[in-house]
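Chain nomenclature is as follows: A, B, C and D, assigned in order of appearance, with residue numbering initiated at 1 for each chain independently.
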Amino acid sequence: MQNNLLILISLLIILSNIFLLGSSRTGAMIRGIAFQGVLLSLLPLFLPSESVRILDIIILAVLSIAIKGVIIPHYLRKVTRNIRTKKELHPYLGYSVSVIFGLLVSYGSFYFIGKLPFMYLSISPFNTSAAFASMIIGMFIIATRRNIIAQIIGYLVFENAGFILGISIASSQPLFIEIGILLDLLAGIVIMVVAVNHIHLYFDNVNTDSLERLNK
Amino acid sequence: MKESSLIIKYNKSNPTSKVPLLGEDVFRKKVLEMTRGGGRVNSFFSAENDNEDLVLYLIISYDARGETHALSMKVENKAFKSLTNEDTQFHLFEREIYEQSGIRPLGHPWLKPVRFPGGNAGEMDFFKIEGREIHEVAVGPIHAGIIEPGHFRFQCHGETVYHLETSHGYQHRGIEKKLTGGPYRDTVYKMGVIAGDSTVAHSTAYAQIMEAFTRTAIPARAQAVRAIALELERCANHIGDIGALSGDIGYLSTSAYCGRIRGDFLNMSALLCGNRFSRGLVLPGGVGADIDDDIREQLAARLEAGKKDFLSAASLLWETPSVLARFDSTGIISAESAERIKMVGPAARACGIERDVRRDHPSGYYHLSYIPVSTSEMGDVSSRAYVRWLEVQESIKFIEKLLAELPVGDSGRETGTNLKPDSITVSLIEGWRGELCHTALTDGTGRFRRYKIVDPSFHNWLGLALAMRGGQISDFPVCNKSFNLSYCGFDL
Amino acid sequence: MIINIIISTAAALVFSPLLIGIINKTKAFFSGRRGSPFFQMYFDLYRLLKKDAVRSGTTTIVFILAPVIVFCCTLAAAVLIPISPGTGIISFTGDFVLLFYLLGLARFFLIISALDTGSSFEGMGASREAFFSAMAEPVVFISILTILRLNGTTSFTDALGGGGAGNWIIISLATVPFFIVMLAENARIPFDDPNTHLELTMIHEVMILDNSGRGLALMEWAASIKLWLFSLIIVRIILPGSVLSFLLTFVIAVIIGIVESVIARTTLLKIPQLLFSAGIIAFLGFFLSFSKIFVWS
Amino acid sequence: MTSIQFISIIIVIVFFSGILISLFLREQKSLIVVPLWSSAITAMLSIFFAVELNKSGPFLFFGNNFIVDQLSIYHVFLVNIVFLAAGIYMQDYFAKVEEKKGASVFHYRRFSMLWQAFQLMLLVVILSNNIGLTWVAMEATTILSAFLIISESNSLSLEAMWKYLLVCSVGIGLAFIGTILVAAAGREHEAAEHMNTFSGLYEHASNLNPALMLFAFIFIAVGYGTKAGLAPMHTWLPDAYSQAPTPVFPVFSGVMLNAALFVIMRYLPIVEASMGESGDARSILLLLGFLSLLFAAVFIPIQHDLKRLLAYSSIEHIGIITIGLGLGGLGTLAALFHCMNNLISKILVFFSSGSIIQEYKTDDMRKISGVMKRMPVWGSAFFVSVLVLIGVAPFSVFMSEFMIVRAAFRQGRYLLFGLFMLGTIAIFISMLKYTLDMVFKPGLEDDGSPEKVRLSNMIIIIGSIAVLLTFGLWMPPQFLDFLESAAAIIETGIKI
């Protein structure tokens, strides 16, 4: 049953990735990433863990839900409202293409990651492959979206991938490191949001098209 | 050449002789200069003068300066050079002039009937796109829902609309013609039904015109009651529209609740004057019903309840992703197009154009109390709904303020029956659909020589057609509802 | 065998209008209204069946026959679904193809009868229906293949009429897209709005715009039987072992009502995307049904 | 080691008090003096560390979360020297900026606080023994330095900051995944308690899963390599350079890039040891290093923007250091030596070019000419620094590059040798051409006002030229010893 729950969570993570790839509205994307954040935070609770660290795990899960499921989405929603961006206009790649890409990556990582020589370390190969798929999908979103909020969300997906991977194969980081990681993420998002506000001020829109004067 | 236009004071009548009568070339030059300088045509119509010569009158206003100008032009040989090619906003006015007086705008690109006064509504050359894969869809004049008659002709390629042409005239009642020679005893009632949902707006415009002609100053209390009634009308209609919009996209809760809340607001109007659509409330010289303390308290209480209900029912819309996904980017009209055809009202404000008669050309109580202009930016269905949502909140706030500071005094007095002869006056009111403009000219005996009404729908129907371009034909109903234009107000 | 047929037919005919009643009642509840009675559809059918039909002058025999064919095909398809374990009527390899082709035949006649009227609205509706059903079909087939794999059988009616449940994760990955397709196939929100009067946006309703009287009654009835059929399939997928599980179709009707109350109808442009997403979930389930990480119990 | 703990606590106190003092200061001048003191104190203390180290050898402190060895002390020293020089230069720079724009106190306060927090985080990166902590501190430097770029708020700097944030965040994210994989490799080991420290990992390196370690190293090299500005992940770097205020340059170029490379140096012996010195990890570094050199060689000739030119030069030098690391042996020593040379030459070149840009009010090289006549001191400093950077003979950069070439030659990697020569020569020619034009071509007439150079800046100029010349001509034996023991740590890991 526990195994099934782990698989279910990974599956939902994959589906939420695909949802993020296919959705054009920033509001929907923020919802999607909040959902994913909460799911991730639940992951450690279902691990067959050493009972000594149960308190640590609970603290971590609560903190992670608060940051990934509540605070960051709240910030993003606020900045979205502030800059009045609703819709992603013409991403570099179409949504259907993105979704198909997401599917292929998910299947591919499931197929290949399972064959890596150190997979015996991971708690469930399914989680690990979901993590690698998320990593690639996160980078894909960053690369193919023009909207800055969408790029931030891509970055979050990417970060989440690290989180899943950390949980599924290396679960013995000390608590203060884990908290440091979360706080770093939070700080990173906060300054990205500040940057978005500034960018909105200067460019009057938040599509990265207008951020292309420095090329060469 | 310096004083080639007359600045109109809204609550005063002006001798018609003071409106400069220009030759065609001077007029043309002057008008184009004015429109280029930000002038917006409120009304453009033909009238006869004492010698039964045809004269074209143009009412044009500068929103930024809050000025309204009038000028006129002598017509020779029943024709003049069309201005449409220079500025799109003349297009429909010139068609109307041609239809009403036979004055031909030479070189008009699209000279067709507007209201079919002789019957045969809908029989005309529709714009057609040729091509094997283009198909035409004709909708109306009889629709599946209970709405007014109007004909829509779509040029489609698959589901995509290339062009929409609207054709009206099914409700042409000849109101303007019937007003000539007035005012009669039933004129004020006719005003109430120009567009049945804008009774207060049209009646107020008429009342202001009568007051200007008879030099009646009406008490502040009556003005406050008019403003309250106008804002109540705005609330009721906007709420109804928000409900209808959500009904069109199958979002039931908001639809059902807003339908009821609209009723609540109509009942507030009924509380004021006994009629849910405020018929007979606004009369020349004042208002037909006063607000006593009892009504005032009841109204405040009901308003509070209505506000609460509305906020909870309509805020659902902005929190439901599927609703936003449906509304967003549907029926976009760009700010440039909207500015070019000079749209008015919430539809224009949804494109980010700050145009509101209550602020730009205030009259009545709006002189004394300011109501913020609500705008949105995207110009899509979502923005139009959002502007309504904002406006309802502002209106409620405004009514609350007015109820709290209701001036003491009479609720009205008699206007004289002697209208100032040979005069012109203009009245601009921001109805819930947008600016409506009444212009009246009196003859030597103090009767109406010409009474010209421009309903906001007159400006905005073309906007709907433009909003549909490149859109999906299945988006038409929701797009149409987001404009919610009047058929009878257009057809007059 | 005969008994089974009679039971299935009777259940389909009797229960299906009730589903519509339940959906409408749920929707009414959510929008704070009292709503029409549960049995309103029965009254409507009775009223319509009493009436004679008015026909447009442009129509041909196709238009007259269509309601009958649509009704019969849908009913026949519904009868194929066993309503409790062991009541299957037929069972052979790939029987689900028969089932869905019966529905396909019904749809074909619905479409050509709509085209037969020559109205531009009905033509639009027909083209939309054809397009979206073509997109919905693969999703249905993939989910059913997943179910077949889980049950280790090649006969769909066998899979529905008994056997044990598989892994619930995979079952839900098959059922969710099936539910989405059910909404699409039965003209429910977010794909279509059964209550709308706006002919430009309708899909299913616009095709029966010219039907009246008995023809309309058959069309409406067929539509409700189709809803019954789909919800029965879902229920049988989830609980194949239970005798009274067909009663859960009413729960599904409530769920549909809730879905219709809380989300708005999507724009037609997005429908392919929605069906596409359903297909992705279905495909994920199909893919996982091959994987070895699930320890089958 | 209580004295060490005591001293490190002092360092932390110095920084935090610096940050706090900045909160209360109202004067702009005092606000930019505060960071100066904290870096001066830390630089002095790092010498104390080095002395302590000579007595006792490498040691851990604060549990085993921090480590002091020759490698880290070397970098601590370098970092603080650069911060010190930048702090001195800052006084002059901001005085001039102030005349132009009149920036607010808030502005300076933010700058001062960020500056110190950034410096503190870099110290944590370098001194950390815990792989997780290293990562956390590295990510923190990314976030803090993003604000340093934007301290001159305009649309271009925003764009640069956005790119920097996004690219580096992703890079750091990859490094995180690498870190996790290393931790996973350590997890299966018995002594799991110590397996998230560099020292612990090295101790048991031969028992780690080699495939996993190589896989992890790819992530680490790419991840931290992004932060170090290695090609092809360097895209943020030219933009960030061209937009950051001048005092921030050398901090970026020297310190942050070096710190990122430093982390790779920490991982390198562990990975190599786990794979039985197969050299695969070194090949990855070689590849990245050569790509960087190549990118620099291709992009430098087409630059018109002075700051961007210097950015690509930075990429080149980081590439050279990485190549040195990749070669191993003598190459490692050369790489460490080059770290210092690069840093000191960067101080010189960035400050001189910064002053030139401030004077000419443009960073388009085509519009700058006659520098030597208009500002003889900074002009000659700039000219010398470019000569240093492109590796002209008596200076120490030449020496370290020469050592790398020799290492390649000795290992019989002739192709590598050829490519290296080709790249550096291309850069040599194009940079020299630009510089000659700028410095000696007769330019606009002098506006008459003589160049004013502060004494402190003169000290920076003369001091750094002297160091570069000295180390080019003669290497002090104590320093060589120290460097060799630091290189040994990269070669063979930490022994405690």
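Annotations for the structure displayed:
The definition used in the following text is that a contact is a pair of C-beta atoms (placed from the backbone, for glycine too) under 8 Å apart; a residue touches a chain by one contact, two chains touch by 3 or more.
This is a predicted model, so every value here is computed, not measured.
Of all chains shown, A has the CA centroid lying nearest to the centroid of every protein CA atom. A count of C-beta contacts for the chain pairs A-D and A-B puts A-D on top.
We define each chain's centre as the mean of its Cα atoms; on that basis chain C and chain D are separated by 67 Å.
With centres taken as mean Cα positions, chain D sits 31 Å from chain A. Chain A and chain B, compared by their mean Cα positions, are separated by 50 Å. As a whole-number value, the distance joining the C-alpha centres of chain A and chain C reads 37 Å.
For chain B, the set of residues touching two or more other chains reads 325.
Across the assembly, chain C contributes no residue in contact with two or more other chains. Within chain A, contacts with two or more other chains are made by no residue at all. Under the contact rule stated at the top, the pairs of chains that touch are A-B, A-C, A-D, B-C. Chain B contributes residues 135-139, 144-145, 159, 246, 248-253, 255-257, 260, 320, 322-323, 325-326, 330, 472-478 to its touches with chain C in the complex.
Residue ranges of chain D in contact with chain A, taken from their complex: 130, 132-133, 135-136, 139-140, 142-143, 146-147, 150, 153-156, 158-163, 165-166, 169-170, 173, 176-177, 180-181, 183-188, 192, 196, 209, 211-212, 215, 238-239, 242, 302-303, 308.
Against chain D, the residues of chain A that register as touching in their complex are 116-118, 121-122, 135, 138-139, 142, 148, 151, 155, 158-159, 161-162, 165-166, 169-174, 177, 180-181, 184, 187-188, 191-192, 195, 198-199, 202-203, 208, 211, 213-214, 216.
Across the complex, chain B is touched by residues 25, 27-28, 31, 84, 86-87 of chain A.
Contact residues of chain C toward chain B in the complex are 27, 30-33, 120-121, 124, 128, 189-190, 193, 195-201, 260-270.
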